[in-house]
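Consider the two complexes below, in which subunit A is the common component and subunit B and subunit C are the respective partners.
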Partner chain A sequence: MSKILSNEKVQNIIWGTAGLLFVLIIWQLSVAFTTMGRVIPGPFEVFKSLFSYIFKPMGKYTLIGHTLVSLTRVLVGFTLSAVCGIILGIGMGCSEKINAIVRPIFHMVRPIPGVAWIPIAILWLGIGEEAKIFIIFMGGFAQVVLNTMDGARRVDPTLLGAARMLGANKRQEFFKIVLPYSVPYIFAGLQISLSTSWMAVLAAEMVSSYKGSGWIIITGMNNGDTVQILIGMISIGVVGLMIAFIMRIIERLLCSWRIQGQ
Partner chain B sequence: MSKSIKYKLISALSITIFLLIWEIATDVLHIKPSFVLPSPIKVFHVLIVKMTSTSPDGSTLPIHILASLKVALLGFLSGAIVGSPLGILMAWNKKVDMAVRPVFDLLRTIPPIGWIPIMILLLGIGTQAKVAVIFLCSFIPCLINSYTGIKQTSQIHLWTGQIFGATNMQLLRKIAIPTALPFVFTGLRVSLSISWMTLVAAELLAATKGVGYMMQIARTIGRADIIVLGMLVIAVLGSVLFMVLEFVEKKFVKGWF
Partner chain C sequence: MFMENTRTVTMDKLMIKCSNICKTFESKHDSNEVIRDFNLEIKENEFVVLFGPGQCGKTTLLNIIAGLEQATMGQVFINGHEIKEPGPDRGMVYQTIALFPWLTVMGNVEFGPKVLGVKKKERKERSQYYIDLVGLQGYEKHFPVKLSGGMSQRVGIARAYCNNPAVILLDEPFGHLDAQTRYLMEEELEKICSKERRTIVFVTNNIEEAIYLADRIVLLTNCPTTTKKEYIIDIQKPRDYTSSEFLKLRKEITNETDQTI
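Showing the complex of A and B:
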């Protein structure tokens, strides 16, 4: 069995690299032999300047500096929205009263995507860090609330009944049953909200900023510098992959009991 | 029954209080100047005015809405039409999977908003660039979800089908696709919400029409009432699109089971 598995893995890697090479070759050929070359630089040029910008500043910071700026913004905004979202979501899921009070306002705000908050956030908070964190917060918040609420609502009533019968008080009920039961749901919500946050920060930086990954792309566009746009896109892609990878590891750590059960 | 009525009353009360606080904070107390935080009455007023007036951004509200809807639906539908069948094909046929997967994995890592500038450079700021960006971002969740859906098909069902002599095509049409359908619709829902968000971002960056463009112009001249109006319009349109999709889903998925 293990032999078959490893064989499949090897095959996947081979096909993966072949596909990647294929894309790069097509890219290079189309740049070299068609009119595409006037608009888009070849892969060699892009990767060469990608590596040079790791040490050479682009605007104010190096490529890594810009990426870190964006990541910090995402982390602050995402943490805020996760904490507030989980608290509100559990409140709405556990108590009908809180749900009735918050629901109409929440459903008015929820369908507004984070990106749509950009203009008003700039008017309210300027183009500094606060505006960006606010945009990320608004972008990620709703999804966390929805998922947490869903998780808290789906708690198995038999479990709650059993706990009550064995004499658990409200607090124990909450910390021993409701909270662990909703962790997988909360986590699914966090994952979605993290990827929306990452998108929202890019959009916010594109509309107005002077540093960050989105700034790299938009400055490239304004200067007609396609190399810079592509560098920005590649670095964003790499960061996105890393975030997804880290989240998967954390999920495995936090929800291991659920994965084993499946 | 009476309990649910009580909670509905609380909900109605809470939204009224919210609007009242908003109104008092703006029109009565003037906590923030009106170019920063408009009152709800002012927003409602501008909604009526914008229905016929073209100032300050050159089009009336219905034209902006139509422009946005057209771009969003074109991009979303073309993404769904290409993405879902391709996902099904990839899950059903290993060769297609191997050929498409590396390119797809490469495309998938870049968030849709990252595509906007390069598309604008390649295709201009018209409809084409936006449709292309939305196509790219709606195509990806559709593909992933329909792929997962087909992979969920129970092997036992497939074996049963084979024993009764179903052809490969019949297995796909009668067993695998019905199993995958709920997943396909999940993909459609995800890609609809991403499409809508990307559209707004694209219009904020470069456009000549559309709700996002209206908000962007309003920001540069400090008309917060139009911005809030734009946000509400985006929220309402997004919800309506979702309702339509849910309606379609109910029709289709019920028919299969």
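Showing the complex of A and C:
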């Protein structure tokens, strides 16, 4: 059984690599044989340059340095929005009163995307780290609140009744039923929020920054350096992929009771 | 010997008393009377089956005894105390099984003692005893998603027993199981009940199940629910589904049941 499964996995990896190679070959061929070569550098050139920037500084930092700067900003903003979002979401899900008070404000603020907060963040907080973290926070916050609230609301009343029949008090009901029941919902929210945070940080860096992945791209554009733009974009894609992968591992650990049966 | 047995039953103390229970669900435009003037007395260690047709108020009745729902009128007393809210003196087994999916078999069974603050060593021992009793040794670390319907309900039964409640309430516990598993579970429950005597209220719409398990069957009318007739079942346990007295009783009760669809 496990052998078949690992065979399938190996096959998936082979096909995935084939797809990637196909794109690179098409890219290389079109650069070599068509007029596209005048506007876009070939993949060899881009990757050669990408690897060289791992050690060679680009502006103030190396490629890894810039990526880590962006990643740090995301993690700080994301953690803040996760903590606040979970608390508010649970509050709104469990208490009708809190929900009634907060809901109108929340639903008015929610449709404003993280990017729309950039101007006011810069005016209020300047162009330093605070503004960027604020933008990331606003980008991810709403999704966490909505999902957490959804989870807390959907708690199966039979399970609550069962816990009460077994002697659980209000506090135990919350910590032993409502919270674990909401975990998969919260997690789904965190996953979306993390990817919007990653988008928000790039937008923030493209507007005002002297470091980070967004800065790489925007400086590349200003200097007419296509290679640099592509390096920035590729690094963003790779980091995004890694984040999704790590989140999946954490989900598997936290929600193992759900996944085991599949 | 038979006489002596009945005498000890009549001398047993009163465990559950339902007096004049009425339940009406009110909505804006209409009201739906589900239970009308229901009275019942159950002695300690008696196995009572509430038997009635499909959609009568059996589950509502059981929920009122559990304290999960409030009666519009009337009272429920358990051991002389009036029931107003859910509590660990009653164990509940659900038709939907209602295990906590994020807890293992052990986690589910020990949930009651844990929230009541029983020390870890005693809690584990007690949980293990009931897990063994329902025949799930070796499955302690499994999560509910991995268990079959019958196994899940065994966990449900162990969880209800583990708090050592005076009364156990079962709401169509085998309703979702296939026929084969159902027979097996009825036998299993019979064995558990003979080993661990408790006062039991068992709700079902399956007549075979009722006769197989009950000391007494309370036949309910369709909506609004109230007692129609009572049957003392004095066939020796474990019972045989195909014995002549079983079949005779089955016919008798079926003829009395409201056949409204």
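Heads up, the rule we're going with is that the second predicted complex is superposed on the first by the 249 of 262 C-alpha atoms of A that agree within 3 Å, B and C clash if a C-alpha of one lies under 4 Å from a C-alpha of the other, contacts with A are read in each partner's own complex, and residues count from 1 in each chain.
As a working rule, a contact is a pair of C-beta atoms (placed from the backbone, for glycine too) under 8 Å apart; a residue touches a chain by one contact, two chains touch by 3 or more.
Given the structure is predicted, the values throughout are model-derived calculations rather than measurements.
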item: Which superposed partner A:A162 touches (first subunit B, second subunit C, both, neither); value: second
item: Which superposed partner A:L230 touches (first subunit B, second subunit C, both, neither); value: first
item: Touched partner set for A:M206, first subunit B, second subunit C, both or neither; value: first
item: Partner chain(s) touched by A:Q172 [first = subunit B, second = subunit C, both, neither]; value: second
item: Greater residue coverage of subunit A in the superposed arrangement, subunit B or subunit C; value: B
item: Which superposed partner A:A100 touches (first subunit B, second subunit C, both, neither); value: first
item: Touching partner for A:W15 - first (subunit B), second (subunit C), both, neither; value: first
item: Which superposed partner A:V183 touches (first subunit B, second subunit C, both, neither); value: second
item: Touched partner set for A:I250, first subunit B, second subunit C, both or neither; value: neither
item: First (subunit B), second (subunit C), both or neither touched by A:V39; value: first
item: In the complex with subunit B, residue positions of subunit A that touch it; value: 15-20, 22-23, 39-40, 96-97, 99-105, 108-120, 122-124, 195-196, 198-199, 202-203, 206-207, 214, 217-218, 220-221, 224, 226, 229-230, 232-233, 236-238, 240-241
item: Of subunit C, residues touching subunit A in the complex; value: 66-68, 85-88, 90-92, 94, 96, 98, 100-103, 111-112, 115-116, 143-146, 159, 163
item: Sites on subunit B touched by subunit A in the complex; value: 3, 7-8, 10-12, 14-15, 18, 35-37, 98-99, 101-103, 105-106, 109-118, 120-122, 193, 196-198, 200-201, 204-205, 212, 215-216, 218-219, 222, 224, 227-228, 230-232, 234-236, 238-239, 242
item: Complex contact set, residues of subunit A against subunit C; value: 156, 158-159, 161-169, 172, 176-177, 180-181, 183, 256-258, 260-261
